[in-house]
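Listed below are the structures to be examined.
Each of the next two complexes has chain A plus one more chain, namely chain B in the first and chain C in the second.
This part shows the complex of A and B:
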């Protein structure tokens, strides 16, 4: 069945209009404020300036938040990749029934949402939380210690939150690897770990690039986990942006930070994919 | 090929790492104590029965449920229309339209939140109508960000159907609209159910955009939960979290045969 062009246009219209009016237009419009001057009496003082950016990159607090966010995101991404590889491989090799179950077990925490899981991490690591209780009961600690509110615990919690997406992306990529290539390498006498490193890994490079860039961007923009696990002691970008806009009512500076996050996220997705793929392509050829 | 045993052990540990926070929240929700203490003095369901007294969290639960249902209806309907137009009519700018509808997937939610908030606020100023914070703004924002998922799911469903059955129906004398109603839509039901469930869950758990669009009296559940958790984490919060966990779990179990969640959620890369 085919519709004529005018009917087709009519069908696409509502979705296109709502996306343009409520998504594309705001995205273009808000950038304007990033280049205006903050004002106490109005939303902004309408003069073109780059002083928001100068302030962002010179204020120690904001440079700290920016650096911390990037470091935590990079660490969480690397950790997630390391943990997701064996799990994704296991899922790929599982029998159909077990595979379906394992995928559900991966999808489930993802869909439950990052707020609930961050709350779980607070309960786990809090002052009277599970870890502290167990460690004091066993005698490793005399009194409970503050485990929350450190960049390390934020990294661990964020890793757990983004892990399912990494697993699913790697698993989709691994499914496409022809098992005969592994069998051939094994028959030729290669040890399993070497087979994985030299035969399987090169074939899933696009999946690794997709998974790491996706997860890195999610980490950079994470709100709930830094807010609840890190709190004010571990300032990271997304909560700082929210406070700047909502509590301080400083639209220009908040818009400036959001613009930086937007550019970083888009650049990572665009660059990382192509660069890393090309580099690994060379690596694959050299072997 | 047999897998080494250490690999299975690692797998169990990693799944534990992903699922432990969720399991812990469910366990805490039945503690018979005001505060968190491990191990609990006893077990009780009183935090569930007393939930309606928690005005903030319970109000959030109600609002988020209504919002998620409305979002799912609107988003699935718009996604269906767009998918029909793009897969069954030869449109100009097809690639642009398809990619444009998927754009919200690419933009970080916190940035979208800032952008939509500033834009609607300024629009209210210009039009002299209050647009933020309103429920309408929340609904439209949630619809826009779930649209990529519903569109993609229904679009893939339509591609999977092919046009043969529809052509057979047309050849046998049904008109295009009757064919659509009697043939295409019934066959498309799995994708539509999947799209609806997806939009519902995403809207229900959405935090970053809602943050900017809620008003003091009308707070969505994730925002209410974050506000509460900044103050304290206790069995009451665990109970409302558990309601969300059970809701998502039920939806996942019911719709699992309609939709391959793993494939939809993966980064979309093969090989």
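This part shows the complex of A and C:
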């Protein structure tokens, strides 16, 4: 079925209107606060200023939170990619029945909210959690140790949240790879790992770019996991934005941080996408 | 029955202006189960939305606090002539304040008739002209409110005061001073909360002053920085309570009602008012300036001050009544009350001073003390 251009526009219109009214407009409305002054009695004082940005980039705490957020997001994205690739590949190669089961198992964690999953990490790694209890019981530890509230734990926890999305994105991309190209490489004597690296991987670059970009944006905006697993001792930007607005009623500074987070997300994703495509294109051509 | 709490938000300091808040005489209390975050409106068949005739919309925390409002205040309200049905607008107080600000800026009628807030935040709302003045003539129980708690911008619903909470099995001898929070022997065994900073400021300042710190809560900041790395930080009262009950931490500065609740849960905890003194915490009920039904709101406030409702709150949540026509049992008094000697060390605090410095304190606290 095909549509002419005007019908196509008409069909897109509802989604476009909803997006503009319920996403773009509120976002613009909110971000304008970034250029205003905080007020104790209202959302903001409507005076144009860039003071919030000056404060943000001269505050070691906020620069640290921003840096930590980007680093944790990048690390979680890389970890998710590494862990998801073999799983996605396994799903692709499975029989139809097994594939359905594996996809259900992959999707299953998504049915549980981030908060619940984060609480699970707390139950696992908390002072009285499973890990400390077991390690103490078998004598490896004398007393329970602090496993939560570290950037490493937050990274691992965020990875667990985004892993299913990465698997599904990569699996969809892998499904599009013509199996004959792999068979040909194998017939020509290439080992499976080399086949994957030199034949399959270059073909799924768009999937990797999409998956990692999606996951990175989710990671950089993570709220519940850093809040619950890292707490205030591992400040990341989304919780800091919330606290600034909710506890301090400082909408302008919160909006400023949100704007910076948005720009950083877009910039990193755009830059990364460009570099990745160039790198793999060059790599593929060289082969 | 002991209250459990779902809230992640608990007000750090409650304060009435010095001129309004005379010394506490009587009782105790402690922290509030300020349940947070969403939750479906409670069952209230036939109740309409805010502003409908015959209904009163109460903006409140969820969890046990809301449950006790239903169990104890609603029956008192039902006894009044033409009693409105109650609709709850459940959210944490931050969301409620945001809603009030938003509705206030639109200029139209609001959706909340009664708003539950800490008095510090109620003061913020009053400063923003978002609270209506209460008409004492419409509250039959107004005359029974403790004189030092009376205020024409809100009614005091429950209150408590800060105490040193300690584990009796590990903290020996029993502490008497805030110095215990700086004792190297307890490094790593002291719990603080990221959402409650003014208590810590007060504590350090009182220690520095050797008593009432007045309006110089910054005096203890340098000393407080010495605690960096020696305290465990929690995000909510629930997390701190769990840590105290599991033995993860042995010491905390918190409301006496919290100590009561955790002790009732079986934890080997005790509490003491430090010799340097402490301050009260009050949770209030007020009427937004744009409340759809001020009459129904006044009826609800009056019901909240009902002596039976107040007593039941004390029994179930560890809060001392804010009205004088209640007679708690000696056992309850001993459990959650304060001795006359302790009452001498519960100081008035200047709500305006705290509100003015709160944002700066929070930033300093989070950025320099808590941040790793």
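Just so it is clear, the second predicted complex is superposed on the first by the 257 of 287 C-alpha atoms of A that agree within 3 Å, B and C clash if a C-alpha of one lies under 4 Å from a C-alpha of the other, contacts with A are read in each partner's own complex, and residues count from 1 in each chain.
Just so we're on the same page, contacts are C-beta pairs under 8 Å (C-beta built on N, C-alpha and C of every residue); 3 or more make two chains touch, one makes a residue touch a chain.
The structure displayed is predicted, hence computed values, not measured ones.
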Original post:
Clash or fit: how do chain B and chain C relate after the overlay on chain A?
Top reply: clash
Original post:
If you stack the two complexes on chain A, which partner ends up touching A:53: first (chain B), second (chain C), both, or neither?
Top reply: neither
Original post:
Just chain B (first), just chain C (second), both, or neither: which does A:116 touch?
Top reply: first
**OP:** Figure out whether A:192 sits in contact with chain B (first) or chain C (second), or with both, or with neither.
**Re:** first
Subject >> If touched residues of chain A are counted for chain B and for chain C, the larger one >> reply: B
Original post:
Should A:203 be classified as contacting the first partner (chain B), the second (chain C), both, or neither?
Top reply: first
**OP:** Check the residue A:128 against both partner chains and state whether it touches chain B (first), chain C (second), both, or neither.
**Re:** both
Subject >> First (chain B), second (chain C), both or neither touched by A:176 >> reply: first
Original post:
Does chain B (first) or chain C (second) touch A:272, or do both, or does neither?
Top reply: neither
Subject >> chain B/chain C common contact set on chain A >> reply: 43, 128, 227-228, 231, 246
Original post:
Which of the residues in chain B come into contact with chain A in the complex?
Top reply: 1, 3-4, 7-8, 10-11, 14-15, 17-25, 28, 35-38, 78-79, 81-82, 84-86, 88-92, 97, 100-101, 103-104, 106-122, 140-141, 143-145, 147, 151, 163, 166-167, 169-170, 176, 179-180, 184, 201, 204-205, 207-208, 211-212, 222, 225-226, 229-230, 233, 237-238, 241, 244-245, 248-249, 252, 256, 261-263, 265-271
Original post:
Can you list the residues on chain C that touch chain A in the complex?
Top reply: 94-95, 97-98, 101, 105, 124, 127-129, 194-195, 232-235, 242-243, 246, 248, 358-359, 362-363, 366-368, 370-372
**OP:** Can you check the complex and tell me which residues of chain A touch chain B?
**Re:** 1-5, 7-12, 14-16, 18-20, 22-27, 29-30, 33, 43, 83-84, 86-87, 89-90, 93, 102-124, 126, 128-130, 133-134, 160, 163-165, 168-169, 171-173, 175-177, 179, 182-183, 186, 192, 203-204, 206-207, 209-211, 214, 217, 220-221, 223-224, 227-228, 231, 238, 241-242, 245-246, 251, 254-255, 258-259, 261-262, 265-266, 269
Subject >> Residues of chain A that touch chain C when the two form their complex >> reply: 40-43, 59, 61, 64, 127-128, 144, 146, 149, 227-228, 231-235, 243, 246-250
